[in-house]
């Protein structure tokens, strides 16, 4: 259950929600150290640590050179020794430099040591396309972490979720991959005044509906909502579900929605092949096969690296129109 | 003093400079997609190195790579059209500033990933060694790349396999806002060559003839089976890290001004007029020619067509 | 179509089949260079290059230190410059050191350069569990490569497939991830005398059947076959299909089989979450939803790092008994 | 000459040696699962370093790590049971030789991934610095790790952040069959410390007092905020890379014999008897004690229970 001692409600941005979570948790837990490129005086490439250096100083905000492998290993090693650490890869793409540390060291340590060593580290990175950032700066491979036993994976879509989930991530006992979306940082949304946390493993139903379930992750939640608005005009009532955390996955809520609507479409900025979209199809089959009135549909990015040309990139990434068109097809079943 | 060579280098550096200022102008006016990192102030490095290369030599560049492309001989039209995402661009609009490829000119790409070009250039040098092609490969990279595993593993391979490769570090003192002295305790890049038993040389990267000379020696050594060299060219970007960064939050105005006073183009211009007796009118002519070249490139890029959405899947494999 | 000028048939081992392919292709194409740890005089950690150094020498068999990142980048850079390269990560696990080169450089280069630069590189590595190798030496993340546009992914299960597919991989125009299974290296099987190749993208039906389709990858093909033998005694006729290559995936053959049998189970040594198993479920739904008589079943490794204890590892990895039990369940639908 | 200390070091080295020979014996008889890499011949390094450490200091080991674990104080029973995959092992049978963890003794794990312990140890040193705990972290690694990005990035961080960490390279000249001189052109590991502006020292790794002395200095420096040190201990494994490798395909018998003649245990024994006037009978007593300790460990491990399949999912997160 989401815990809150909230009173009023404010509109803040996705990026500021993260900063609030960091500030509150770093005040609360003196052991937290934050490691990454440009996260000190500069306040983060995406402004994702603005103001924190002033408050917490050089010791707890550790600017690094361009050494994601080393920085990630150091964060894990610090976590193993009793210091809760955040390592910011900035662009999730740069986590590719550090996969061996994340997958071999952080993910395995609890199991292989039979729980004697824990690595409470948050690996933070921003995924997805924004403004023709190109092939090297737009990857969405969050599913790789989800497929790695020993890692939890969080993919918030709203400021509210960023704050509540980041606070929970910072209280976990093991490694959490916390993946924001670059294009969402400036988006705004309501959050309560007081403190609150959101447990990992609880999906959020953004919009109730009757005829089809749309499962969207991260930025694709807004695409799903747009598509739902289009479909509504055509008399199709879509329920939009955001798992919010990929691991643990709230299979119950997703399956409950599909059981109710009988149809599901998954919208994902990653390509379809071997990704999260197939996992939801499998979930649908495993949990509610007899309720399915149509084959689950996957609306994903086309299987190419992100093109620079805006025209091509628009074509590559799922749009509300593409989602609506695919949903219309399964509504015919 | 080889005045002809100096004039050529002057003209090339000017091309690089004017090109970037034009990109800056259009980018600020919201006409170019994506992100751009400009080479303003560092022109002597790419120019001085590439002037020593054969057309079939291969260079690997960085996120700050427009200048390298032009210095290696890629036409301004091709580069500008790519920055504009047009089909006539070097990568047919698929790549943009950080994925600009022109193998037909020995330009093996800018790169969005810091350090990645170092192993790649080393591999191309291995290919040259195996094919006995006589080619040399050059990896350009910034001070930011020096503390990365790619640098370490790449240079070690270059040395132990005695490959025809030259490693050119453009040490402009900062990686984004991070001062090199905050990223490492050893602020001499050249000194690190010793770790790989490779010659290392530090040069004034704002003196095109110093760059030219060091590169000439290193490239000749590489070409004659003498193995790799690490060159550290000390330089400075006059602009922010990328367009949008004022570049003065982490650098003092004095520091920026002091470096601007060492502008490689102005320095060479003064030398040409003051010491080599070149007429100012000759330099003015170069400026006019560069302007005409640039106008043509921009117009070409502007008028070129955009990729068709239906072609989105082309060349994925 | 598989091409062959074959006459007789011989029994050889999985590892020797790879060596034959390498020898023939290195003779045929003088540009091929092979880079990796222990692949020279030593003949490979798994004996996977035995004899080649003697024949091709130091120049074409390049032993390296422990620098997978550099070695992989070098192989890609050589390939970009006109030299076909193989980089042997030995254990697939060690490819984690080089993900940035594989995913950012090799996979993107063709698309981002609009086909002007090609990187014909084979990244070779052996996956899977063998003899309590433990958490760091047993990973099966082949699906990650499959989810990356620009890479082809090959996972042979038999000596015949190793030879024919490796030869094809070495004639491809772009990067191919060639993943063997450590525990199969000593297994034997028939291959023809003469030269042959197997095109990427053609599944193999190992055993025809009527009631259920078992899709297995790599070592799990043999587990599927074992399970099929158990089930046969119970009157259940299982068709065993091996996709052989994950990208390109032979959706047609797999779908054809499922359409025929009406049921499918996927057996995978990777964990189920966000892996290839879900991809096959999605394929089944997308291609033959109306033919499905039961929900597709996934029989995968349990979601933990590989335990050292043989007892625990046996429990973790799919066994023929576990497969048979799951199939019995879906036969009841 | 501190005879008491020398006798302690002698006993510890002997434990490490006899332990490994026992593992070898059982492994060859097919009684132990998995793969093992033995520390035979290199005992002086782990022993000499760990003798200077506090119980709460943290060490990160390698694939060749049984000796490090014992030297750091992990009971022989815990280690042997782990190699046997038993629930009484350090990792309750989940880890095995390459995933052996005993944080209760400051032993942060063997590691199946070459080089991985270097950034981890550096991170634990950061933790110690932040917590002002006075702890020191030590990373052990082989010559094989030196050319990897993990080494480069880890050491750079240790130096620039002035962390309480000691980097101990066990240079036994080979990584698997790969001679260090084939893997790199610069065969001096200690010299590479300069690249990070860190002190580097080369010592005879088969002389336990040389190791002890160098480690003492480095650990004291680290503990008093003086920053990291790179120690290169030249040593040799008397056995193959792992059990199953004869170790003589790539090393001449002469070379192996020559190094065996520099056995750190025999050398110290001779010194104790010859120079320090210790009675042979005292050494014999140590041998008997070690044997008894080992027998107990083996028996304990043998009799311990195996994990239950139903517990396979425990502690995944």
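Residue numbering begins at 1 within each chain, and the chains themselves are lettered A, B, C and D in the order written.
Methods note: a residue touches a chain if its C-beta (ideal position, glycine included) is under 8 Å from a C-beta of that chain, and two chains touch if they have at least 3 such contacts.
Keep in mind that what you see is a predicted model, and the values were worked out from it rather than measured.
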item: Shared interface partners, meaning chains that touch subunit A and subunit B; value: C, D
item: Length of the shortest touching-chain route, subunit A through to subunit D; value: 1
item: Chain pair with more C-beta contacts, B-C versus C-D; value: B-C
item: Centroid spacing, where centroids are CA-atom means, of subunit C and subunit D in whole angstrom; value: 37
item: Centre-of-Cα separation between subunit C and subunit A, whole angstrom; value: 30
item: Centre-of-Cα separation between subunit C and subunit B, whole angstrom; value: 41
item: Chain centre separation in whole Å, for subunit D relative to subunit B (CA means); value: 46
item: Shared interface positions of subunit A, touching two or more other chains; value: 64-65, 67, 69-70, 93-94, 97, 100, 104, 108, 111-112, 134-136, 149-150, 303-305, 307-308
item: Residues within subunit B bordering two or more other chains; value: 91, 93-95, 99, 112-113, 147-150, 152-153, 156, 160, 182-184, 316
item: Pairwise touch network: line, ring, star, complete, or other; value: complete
item: Subunit B residues touching subunit A - in the complex, by the definition given at the top; value: 33-35, 82, 85, 91, 93-99, 111-115, 144-145, 147-149, 175-178, 182-184, 249-250, 306-309, 311-313, 316
item: Subunit B-touching residues of subunit A, taken from the complex the two chains share; value: 37-38, 41-42, 45, 63-67, 69-70, 93-94, 97, 131-137, 302-305, 307-312, 314-316
item: In the complex with subunit D, residue positions of subunit A that touch it; value: 31, 33, 59-60, 62, 64-65, 67, 69-83, 85, 100-101, 104-105, 108-117, 149-150, 152, 173-174
item: Partner subunit A, residues of subunit D touching it in the complex; value: 58, 60, 90-95, 99, 101-104, 108-109, 111-113, 116, 118-128, 130-131, 135, 137, 149-150, 152-154, 156-157, 160-161, 314-317
item: Sites on subunit D touched by subunit B in the complex; value: 147-153, 156, 159-160, 182-186, 191-192, 194-198
